[in-house]
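Same chain, two partners: chain A is paired with chain B first, then with chain C.
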Partner chain A sequence: MTPNVSTAPVGLDGLSRRYGSTQALDAVDLALEHGITGLLGPNGAGKTTLLSILATVNEPDAGRVSVFGLDPRRAAERVQIRRRLGYLPQDLGYHRHFTVAGFLDYVAILKEITDRRRRAEEVARVLAVVGLEGRARTRIRALSGGMRQRLGIAQALLGEPGLLILDEPTAGLDPEQRLRFRELLSGLPGDPVIVLSTHQADDIAAICPRVVVLLQGQVHFIGTPAELAATAAGRVWAADERGGSAHLSWRGGDNRWRHIGDQPPAGADLVAPTVEDGYLLLCHAADAR
Partner chain B sequence: MSARTVLALARVEAWLLVRSVLVLAGMLAGAVVIWFLIRPTEPLWWRADWRIGGGQLVLGMAVLAAAQLNAGRPRRDAMAELYASFPATAGTRTLAHLIGLAGAVPAGLLLLGAAAVVIQLSGAVGSASIAVLAGGLLLVIAAGAAGVAIGVRFAHPLAGVLGALALFISSATTHLASGGGIWLLPWEVFQDDLSQLPGRLTGYPPAGAHAAELAGLAALAAIVALAVTIAGGRSRARLALAGVVAVAVICLAGVLQGRPLPTAELNHLVTEIADPASAQDCVTASQARYCLYPGFGRDLPSLRDPVNGVLAHLPARPAQPLTIRQAALPSLDGTFTHGHPDQQIARWNTQLQAAPGDATTASAVYLSVGSWPAAGGQLADARFDVALAAADWAVRLPFPVASGQPCVALDQAREAIAIWLAILATRPAGSELQAGLNGSGGGFTATEVSNTMVRTWNYPGISAGYLTGATPQLTAAGYLLASAMTRLPEQKVSRVLAGAWSTWLNWHTGDARLAAALGIAMPSVPGLPGLAGPAGNAPQNPVCTS
Partner chain C sequence: MTIPWSDAPGHADADLLAGYADGTADPVAVWSVEDHLTGCARCRSALSAHADADRLARNRSALLVRVALPGDGRVRRLLTRCGVPDHLLGLLAATPSLRRSWLLSVIGVVAVVAGEAAAVRYGWIRAGRTGILAGRPVHPAGYPDPEVLAPFLLIGPPLVLAGVAAAFLPSVDPACRLAVAAPFSGFTLLLVRTVCALAAALVPVVGAAFVMPGPGWLPAALLLPVLAVCVFALALATVMQPRAAAITAGTLWALPALLLAAARVPLAIVQPDAQVACAAVLCASAVVLLARHDRIEWGWVR
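Right, the complex of A and B next:
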C-alpha cells in the first residue's frame, strides 16, 4: 500500500529543484514511513539533492517537505527537525587531526547534547554500534577508508535520530562491514525513518522493505524490492550464447549469458528476476524515453 | 541559539587553541622577540611593558592564523554540508569560536608573566603599566577575532597567513604615520623614544585609549564574523547596532590617542632633561659625583667600580671633581609635540639644546638614559667606556668638537695612559681590545689628522651609545703602547707616571718618550694598505691640544 504524503512521518509534495539548466528534481511526491526506504538511481538522478533537502541543508524551488509534521521553511521548526535528524552526506570529509571520540563528542555538542555524561555515554554507544570502540583515541587520519565510513555512520546515529538519512553509506565498506552495516540498520532502536541511498541493489534487497527508484529527477517506482524485481518478470533469460536484442547482457559466474530485454535469444531459459534486473529495466525505459 | 551549546562548543574550541602548535610556536616566537627587544637595554618598565606588547603582536599573529584555521575547518574539511544539518547553527559555532579565543589568553598571560618576571628580576626601573600590559592581551584577542572573521568567510589556510602578515605590516610601517597617528596602528613595536625618557610620561603612549581601540577592534571583528554567519533580520539589526557602538568606541579611542600631550607634562619633561639637577638624585663617592634620575640607583655600583678603579691608580687627581650624570632625550619629535604650536615646540627644543648632556665639559661624563646594560658582555663594554671617560678626565684629555669631528690625541703619551688606566680598572678581554684595531668589516680604520692618515683604535662599546657627547678619537699607537704597559709590573708603571705626572699630562709629551721612560720599545703600528696619503677633501679631525 502506498503511504499517504500528508499523513506519513516524512512527506515530499511536488518537490522540484533546478540547478541552472539541470532539473535535479521534478515534482517529486514521496511518503516515507518508519523503517528503511532504499533510494536507487543512477548518478545525476537527483538522489543527493533529494536527501540534502530532506536533511534541511538544501531548499526546494517548489513543493513542500514535512518531517514529523514540521515545516523546514520555518526557522524554528527547521531546528526541531535537525534535532531529530541523523545525516551522512555523500563524500563526507573529516577533521583528520581529531581523535575518533573527540570528533564524535564535538558532533554530539553540535547536536545539542550538552550534558557531558550523556554525551560520553552516547559516544560510547555509537562507537560500539559501528565496532570502533577500540579506536576511540585513534586520530582520524590514522583510520582506513572503511573505518572512516563507519565513523560517519556513527556520527549520524548520535542522539538516536528519528530520521536517518544515509547517502551512499556502504561505499568503501568491505563485504563483512556491509553485512555488519545491514545488521546495524536492522537493529536500530525506536523504529526511525531511514532513507538509504545506494548503488548496491543487493543492499536494498537485503534490508529495505520499500524501494524508491529515482530517474532524471522523477520517481519511477515505489514499492517493495520484490515488486521492483517483478517488473522484470518474463524479461530476464539465461542462455549459452550472447543474443543481439538484449538491452543488457553479461556472462555470469555459471558461464551462461544473462539477458535482460524484451526478446529472448535462441535457446534461452526464462529465469527469476532480481531487484537489480528490475532497476536496470527501469533505467533503460527512462533512457529510451 | 542555546547558551549551553555555545559554551560547550567554546570549551572545545578554547582547548583546541590551548593545544594549538601554532599558538605554542607564536608564544615561543613572541618570547624570543621580547627577549631581543629588552635584553640589550636597561630594563625600564615604561619601555619594557610596551615592548612586551611587541611579543604579544607575534603571538597575536599566530592566534589569528590558528583561529582562522579553526573557524574555516568545516568548509576546508568538506564537512560544511554535514554541519548545516545540525541544530547548532553557523552563528552558534561562530559565537563559540569567538568565546573560545579565551584559549589564547593563557599563552598571552604566560608570555606576559614570564617577561615581567625576567624584567623585574633584572632590576627594572619604575613599575609596569596595567593598561599597557592589558593592551597587549587585547591585541591577542583582537587578532584572534579577526582570524575568526576571516575563517568564516575564507577557509583556505593562506587567508590566515595573509591576515597575520597584514597585522605585522600594519604594525611595522610606522614611518607612514606621524604624530599621534602611530598609536592608531595595532601595536607600535619600534617606538624608540620611550628608551630615552627619564621616567614614565603620562599619556605616552596613550595606553588606556589604545586598549579601548583594541577592544573596539576585537568587538568589530567579532560582529563581522557573526554578521557573516547569523541569519535573521532582527539579529542582523542588533549586530548592526553593536557594530555602530564598536566603531564609535574605535573612533573615540582614536581621537583620544591623537590628543596632544598635556603641556604641563611636556614642560616637566623638558625641565627634567634640560636641568637634570632639578630632578636627579646625586651621590658622592671617592670624590666622584653620581647624579641619576629617580629609580636608577641600581646602576650606581656598576658605575662606581670602574671609576674607582681609575681613581685608585692616579698619582694625582684633577682639581675639578668628576661628575657622572645621566642625560636624556636630546630633542622632542612629533610623537611628543603633535598638536602644540610651533613656537612652543621651538622653545622646548631650545631648552633641550642647552641640556648638559649635549654640551661638553672636562669634568663630567654623561650617560644616555636607558642605555646602561643589565649584564653580560655589554655591561663589561659599558663599564670600560665609563672607565675610559674617567681616565680621559684624569689625564685632562678634552672633548672638544670642531665641525662635528672629535679631536685626536695624536702622539700624546696621556692617551696611552688613559687607555692603560681604563684597562687596569676593568680588565677587559685582550682579544676584544685587539679587535678595535680593525673595522667591523675586518679592514683597518683610520682618520685624517693634519693631512696625514692616522691608524685609529675603536674601544669596546664605542658605537653602543652608552655615553653621550663626543669623546676623543683614540689612535692605534696609543692603544698598542697602553697594551705594552699592561705587560709591565703595575708598580713600575705607576712609579714612572708618578715621577713626572705633569709632564705626561702635557699634550706635547709623545708616546716615544713614555715608552723610553718605561724602558720598552715603542710598538710599531701596522701600515695602512691603500690609505697612505691624505683623503682629499674629507673633513679632518683636530688634534687635542689643551
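Right, the complex of A and C next:
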C-alpha cells in the first residue's frame, strides 16, 4: 500500500528543483515511513538533490516538504528538523588535519552536544558501531577510502537521529564492509526513518523493504524490491547464444547470455527476474520516451 | 549479589558498595568509600562484583576518545579561563583563518608592507613627491609622506576581509554541508567564526599601523572601514554567491584606494568624510544582513 504523503512521518509533495536548464526534480510526491527506503536511480537522476532538500541543505523551487510534521521553510522548525537529522552527503568533505575523534567531536558540537563528557561517550558509541574504535587518534588523511566512508556513516549516527539520510553510503566499501553496513542499519535503535540512495540494486534487495526508482527527476516506481523484480517477469531470458532483439544482454558468470527484452533468441529459457532486471527495464523505458 | 566478607565490621557493606558502583550513593558516603578503598584490598575486590561490565566498557571507550582528542593548547586554556565555552572553541578549530599557518602569512605580509613604509619614511629608500589633490599639494599635519602608506592601506583591509571570507566561504570549509544540516549552524556559526576571524586578522593589521610611521589616529581610523568592508561582504552574501560577495567587497575597497593612491593622497580613505561613508555602509549592511540572514543558511552551499 502506498503511504499517504500528508500523514507519513516524512512527506514530499510536488517537489521541483531546477538548476539552469536542467530539471533536477519534477513534481516529486513521496511518503517515507519508518524503516529503510532505498532510492535507486542512475547518476543525474536527482537523488542527491532530493536528499539535500530533505536534509534542509537545499531549498525546492516548488512543492512542500514535511518532516515529522515540521516545515523546513520556517527557520525555527528547520532547526527542529536538524536536531533529529543524521545526514551523510555524497561528497562529504573532511578537515584533513582532524583526527577521527576530533572530527566526530566537531560534528557532535554542531549537533548541539555541548557537554564534553557526553560528547566523548557519543563519539565512542558511534566509533564502536562502525568498527573504528581503534582509529580514534588516526588523522583523517591517513584513512583508506572505505574507512572514511565508515567515518561519514559514524557522524550521521551521532545523537541517534530520527531521520537518517544516507547519500551513496556503500560507495567505496568492500563486500565485507557492505555486509557490516547492512547489519548496522538493521540494528539501529528507535526505528528511525532511513533513506539511502544507491545505484547498487543488490543493496536495495538486501536491506530495503521499500524502493523508489527516480529517473530524470521523476518517481517511476514505488514498491517492494520483489514488486520491482516482478515488473520484469516474463522479459528476462538465459540463452547459449547472443541473438534476438534485447534491450540489454550480457554474458553471465555461468557463461550463458542474459537477455532483457521482449524478443528472446531461439532456445532461450525464461528465468526469474531480479531487482536489477526490473530497474534496468525501467531505465530503458524512461530513456525510450 | 551477596558478598559475605564485605559485610564484616569496619568494611563497606554490600549495599554501600552497590550504591557507590552505580553512582547513587550520596557524596559523603562516596568520599568515605574512596578513602577506605585506597587502603583495603578486600573491599576493592568486593567492589568489582558490583561493577557493570557494559558501563565500564563504555566509560573506557569514552576515556580513550577523550585522550584521542587534541589537547587544550595555551590559547584554548586561556580563553576557557576567560569564560569562552569549550564547545565554541571546538567549533572554531575548523575555521581555516584561525589556524597558525594562516595567521603567520597575514603577519608576514603586513610585516613586509610595514617594513617598506618604515624604510621610505626614515630615508632608507627615496620617497616620492608630496601628495597632490585637485592640483594642490596635500600635507596631512605632522606627516609629510602620505604615499608611503598607500601599499598598507591597499593591502591591510583586504587581508582582514580575506580572513573573514575564509571563515564563511563554503569552498574553504570541506565539511560545510554537514555544518549547514546541523542545528548549530547557519547564521550563528557564521557569526561566531566571522567575529573570531575578524578579531584575529585585525590584531596584526592594527598593530602594524601603530608601529608604522603614520599619523597617530591611523590605527583607530582603520577599524571602521575594515568593519564596513567585512559586514558589507556578509550582506552581499545574502544576495549572491559567497565567493562573489567577498570578491566584490574587496574590489569596492581597492578601487577608491587605488585612485587615491594614484593621486598621492591615500590617507583620504581614512579621513573624516570616508569615516562617515564607512559608518553608513556598515549600518546599512548590518540591517540587510539581519533582515536577510535566512538566505545565507539556504544559499550557503549552492
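The rule is short, and it goes like this: the second predicted complex is superposed on the first by the 288 of 289 C-alpha atoms of A that agree within 3 Å, B and C clash if a C-alpha of one lies under 4 Å from a C-alpha of the other, contacts with A are read in each partner's own complex, and residues count from 1 in each chain.
Here, a residue touches a chain if its C-beta (ideal position, glycine included) is under 8 Å from a C-beta of that chain, and two chains touch if they have at least 3 such contacts.
Not measured: the values here are computed from a predicted model.
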item	value
Chain A as common anchor, with chain B and chain C clashing or fitting	clash
First (chain B), second (chain C), both or neither touched by A:Pro89	both
Partner chain in contact with A:Gly20 - chain B first, chain C second, else both or neither	neither
Partner chain(s) touched by A:Ala101 [first = chain B, second = chain C, both, neither]	second
Touched partner set for A:Glu59, first chain B, second chain C, both or neither	second
When both partners are placed on the shared chain, which of chain B and chain C touches more of chain A	C
Partner chain in contact with A:Gly253 - chain B first, chain C second, else both or neither	neither
Partner chain in contact with A:Leu127 - chain B first, chain C second, else both or neither	second
Which superposed partner A:Pro175 touches (first chain B, second chain C, both, neither)	neither
Part of chain B, among the options 169-177, 457-465 or 493-501, whose backbone runs into chain C after overlay	169-177
Doubly contacted residues of chain A, that is, touched by chain B and again by chain C	52, 55-57, 75, 79, 82-83, 85, 87, 89, 91-96, 105-107, 109-112, 114, 155
Residue ranges of chain C in contact with chain A within the complex	58, 61-70, 85-87, 90-91, 93-94, 173-185, 189, 294, 297-298, 301-302
Parts of chain A lying in touch with chain B, wherever the complex brings them together	52, 55-57, 75, 79, 82-83, 85, 87-89, 91-96, 105-107, 109-112, 114, 155
Chain A-facing residues of chain B, complex	2, 4-5, 7-9, 12, 73, 77-79, 81-89, 93, 231-232
Complex contact set, residues of chain A against chain C	52, 55-59, 75, 78-79, 82-83, 85, 87, 89, 91-96, 98-103, 105-107, 109-112, 114, 116-117, 119-121, 123-125, 127-128, 133, 136-137, 155
